[in-house]
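Each structure below appears as structure tokens.
After this come two complexes, each holding chain A, first together with chain B and then together with chain C.
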Partner chain A sequence: MIDQLRQRARELLETGQAAVVIGYGERAGDGRPVPLFVTQPAETARLVFTPACVDNLARYLTRKDVQALGRPALVATPPTIKAVAVLVQENQLAADGLVLIGVCCEAPGTAGTACALLAGATLAELEAEVAGRLRGQELTEAALARVAALEAQSADERWAFWEAEFARCIRCYACRQACPLCYCEQCIVEKNQPQWVPSSPHPLGNTLFHFYRAFHLAGRCVLCDACAEACPMDIPLGLLNRKLAREVRDNFAYEAGYDHTAPPAMASYRSSDQEAFIR
Partner chain B sequence: MATLLTSANLTALVGRALSQQYRVVGPRRDGELTLLAPLAAAEQLNLGVLMARNSIKEFFFPRCELLFHYTLGRGGVALREPADFPRTLIVGSRACDAASLERLDRLFGWDYRDSFYFKRREASTVVTVVCDRCDEACFCSSVGLDPRSAAGSDVLLVPLAAGGTYRVAAVTAKGEALLAEWADLFTAGEPGPERVAAPPVRFDQARAREFLADNFEHPLWQEQFRACLGCGTCTYLCPVCHCFDIVDEGSLAGGARLKNWDSCQFALFTRHTSGHNPRPGQDARWRQRLRHKFLYYPDRFGAAACVGCGRCERACPVGIGIREPLQALAGGAESVGGARRD
Partner chain C sequence: MAVLDQAAGAPAPDAVFEPRITAFVCNWCTYAGADLAGTSRLKYPANIRVIKLTCTGRIAPGFILKAFQEGADGVLVSGCHPGDCHYTSGNYYARRRWTIFRQLLDFAGIDSRRVQFSWVSAAEGRKWSELVGRVTEDVRALGPFSAFHAITRSCTGSEE
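For the complex of A and B:
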């Protein structure tokens, strides 16, 4: 599989279909997967793909310095493909400019599980393959068990839970920087005229930042957990995103990342949208 | 003959300090993580990990520090400064953590003496536990330190190979005072062999400095750091990084002025009010970070602003850290491309 991946990457660079292949390499010393930007065909030998390759590389597609390298080819796991779909929906990327090398593994994060290239070449083909694998699997009862457990608690208990979690937040913004859908050139927390969200890492500031971020991702988050993985303080950010994703699914019959041609849930209106909250 | 302290008595010492209203800070389990935090009970002390995710920096240079409260009224502005600098015992820092205090002392006492920082320094006693283990990310020995370095510590506890006991060394007068205060917990005895682990030297710091001084422009800055997300994880977990932002929170009636951690890795860190940003990309920001730590700081203060703890590498969401880049550029300009491949 890795030989095919490297061969494909090589072909793309040699034929000029891509100026840079964004994939995974290995850190010198311990082999930890790291994002890799390959511009020379000979360097494609450094590309790897293992179950440990979970960073969402779509993050780099909206970076100006990466865009300056030229047309990218992206080694894309299913969550990465979903993120690309949302970026196209939101006019951050053009679907026809994309070169995607779809990859997947049986159990991401679990060493030794099999990895393979996806068959699709276009975004639409890859979306279909990804939907076949993931749709209906991500917001199951089992996946939402921790969310449900929190919802069963009283408001005071839930507040105490999140207060304890956010007390560890150091406002490093690793969550935001790792997220492929946090691409604002200036984040709301960086505006200080007025200061909508306190930049200080105190309980109020931290809580507001994480709630704002979760709401800004409602209907957009592809549940890749890049944020939770990036967090150096192990804050379970995925719980907030999954809760809101479930709300969007249940209220608007919409899950982000499966169809780049669909109107985004939070930016469109259907007459079937429930309006129970204003009755 | 040496002074010895059993693990049980170390726990007892922590218990006594707590009962005497010391704030005791030590590594403590928090879910899967171990974090340096105030202990509520002596049993919470967890010395079974290499080091906590965070460093002791935040107990001297807080994440969010109150400078003063202000109220505005007919009489003008009334300020209320914080008075609370609790007597603190830090148990379980590592030599790298403690050494960072010595480096921060030089900065915070340089052209303007940060009185809050020094009040916290005066109010704190640092008991360092010498490392009996290290990992791939550690590189204290590459920056002129080792697990037994005494810089910044008041007491060193050296684990003995026999287990369950430390050899005790008082480094400062404060350390002597601590030993005297709870003298009954310490015994005299033959220490026997010690269990100390140091990482191998991974790069030549002088060669790294040379590269930094000579290569302001170099393709490495873009190539090596393109994957960097531009978050603040490395700078915030670093025991020596010390940039800060001062903000006012409140209204015309009253509020507070706060000093918060800031990071040179944020995109807006150097943006001017004109809109111009002299460090517009991660390449320029990383160049500055490395030059600050390994060129400007040593030139001005005599030591690198890095203690080789490895926290940046362990926590970096994309696995960059500072060790690997330094190995690459200490390998010299010629070997920069090849150094990443092992």
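For the complex of A and C:
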């Protein structure tokens, strides 16, 4: 599989279809997978792909320094493909402005499971491929068990739960940096005229930051868990993301990342949207 | 916070709790409706502070959070009925936003009655006055939003 991947990357660079291949390489020393940017055909031998390669590389596509390298080819896992679909949907990328090398592991994160290239080359084909594998598997009862458990508690218990979780936040913004969809040039947390979010790691600023982070990803989050993986304080960001993803699915019959031609859930409406809560 | 305290007056120890409620309303329907309530001499609780915006589509969720941060115990958001938006569809976008945002607040442990939503047209002065009454009673029953105000104080260091 890895030979096919390297061969494909080499072809893309040699034929000029891509100026840079963004994939995974191995960190010297411990062999941990790290992002690798390959611009020379001979360097493609350094590309690797294992079940440990779970970073969402789509986050590099919107960076100006990466864009300056030229047309990219992206080694894209299913969540990465979903993130690309949302970026295209939100006019941050052109669907034909990059090449996708779809890859997939049977059980991402579990060593020893089989990895393969995904069939399909265009975004639409890969979306269909990813939908076949993931759609309906992400917001299952099991995946939402912790959300449901928290919902079953009283409001005061939920507040206490999040107060304790948010209290640990050191405001490093690793979650934001790891997220392929947090691409705003100026994030609301850095705006200070007026200031919406106090910048110190105090309870108010922390609470507001996490409210904004979750809400700004509502209807957009592709559930890749890059934010939760990046969090050094183990704040359960996936819990907030899944809660809102479920609400978007239940209320608007929409799941992010499966159709780059669909209108985004929070930037569209139906006149028939339910409004039982409005007096 | 100090200014708001002044506005609410220093309550006597056993006085009825008077909640502070911020209302974000649209210029074209609810503000006109509230105006009608006034010109019609309809009475409603003075606990509400109305902030007028062009459209409910302009009411970012951050405004609601900011109101709590500044000492509000409850927030009311109101605009044109569906189909009546001055800008055709601002209220439809707002409705989607509120649907998700109130779920986020609820999940975080904020009682849904602290943030209420309604449609009030320019002709519904009576609905406005009754609505303000009901929202005020809801928030009064919930009591001060101590949980949120406590984290606000922890940041600003100000004493209430």
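Operating definition for what follows: the second predicted complex is superposed on the first by the 278 of 279 C-alpha atoms of A that agree within 3 Å, B and C clash if a C-alpha of one lies under 4 Å from a C-alpha of the other, contacts with A are read in each partner's own complex, and residues count from 1 in each chain.
In the analysis below, a contact is a pair of C-beta atoms (placed from the backbone, for glycine too) under 8 Å apart; a residue touches a chain by one contact, two chains touch by 3 or more.
Fair warning: this is a prediction, and the values are worked out from it, not measured in the lab.
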In the superposed model built on chain A, check whether chain B and chain C fit or clash.
fit
Between chain B (first) and chain C (second), which, if any, makes contact with A:36: first, second, both or neither?
first
Thinking of the overlay built on chain A, is A:202 touched by chain B (first), by chain C (second), by both, or by neither?
both
Which partner does A:157 contact after superposing on A: first (chain B), second (chain C), both, neither?
second
Of the partners chain B and chain C, which touch A:106 in the superposed model: first, second, both, neither?
neither
Going by the contact rule set out at the top, does A:218 touch chain B (first), chain C (second), both, or neither?
second
Could you give the angle made at the Cα centre of chain A by the lines to the Cα centres of chain B and chain C, to the nearest 10°?
90
Figure out whether A:14 sits in contact with chain B (first) or chain C (second), or with both, or with neither.
neither
Minimum Cα separation, chain C to chain B, after superposition on A (Å)
5
Identify the overlap between the chain B-contacting and the chain C-contacting residues of chain A.
198, 200, 202, 205
Taking the complex as given, what residues does chain A use to touch chain C?
147, 150-151, 155-163, 188, 196, 198, 200, 202-205, 207-208, 211-212, 214-215, 218-219, 240, 243-244, 247-248, 251-252, 265-271, 273-275, 277-279
Residue ranges of chain C in contact with chain A within the complex:
61-62, 65-66, 69, 82-83, 89, 92-93, 95-112, 116-119, 131, 134, 147, 150-152, 154-156
Given the complex with chain A, which residues does chain B contribute to the contact?
30-33, 35, 53-54, 63-64, 136, 222-223, 226-227, 229-233, 236-237, 245, 247, 249, 258, 260-261, 263, 266, 268, 281-283, 315, 317-320, 324, 327, 339-342
Please give the residue numbers of chain A that touch chain B in the complex, ascending.
27-30, 32-37, 46, 55, 59-60, 64-66, 168, 170-174, 176-178, 186, 190, 192, 195, 198-202, 205, 226, 229-230, 232-234
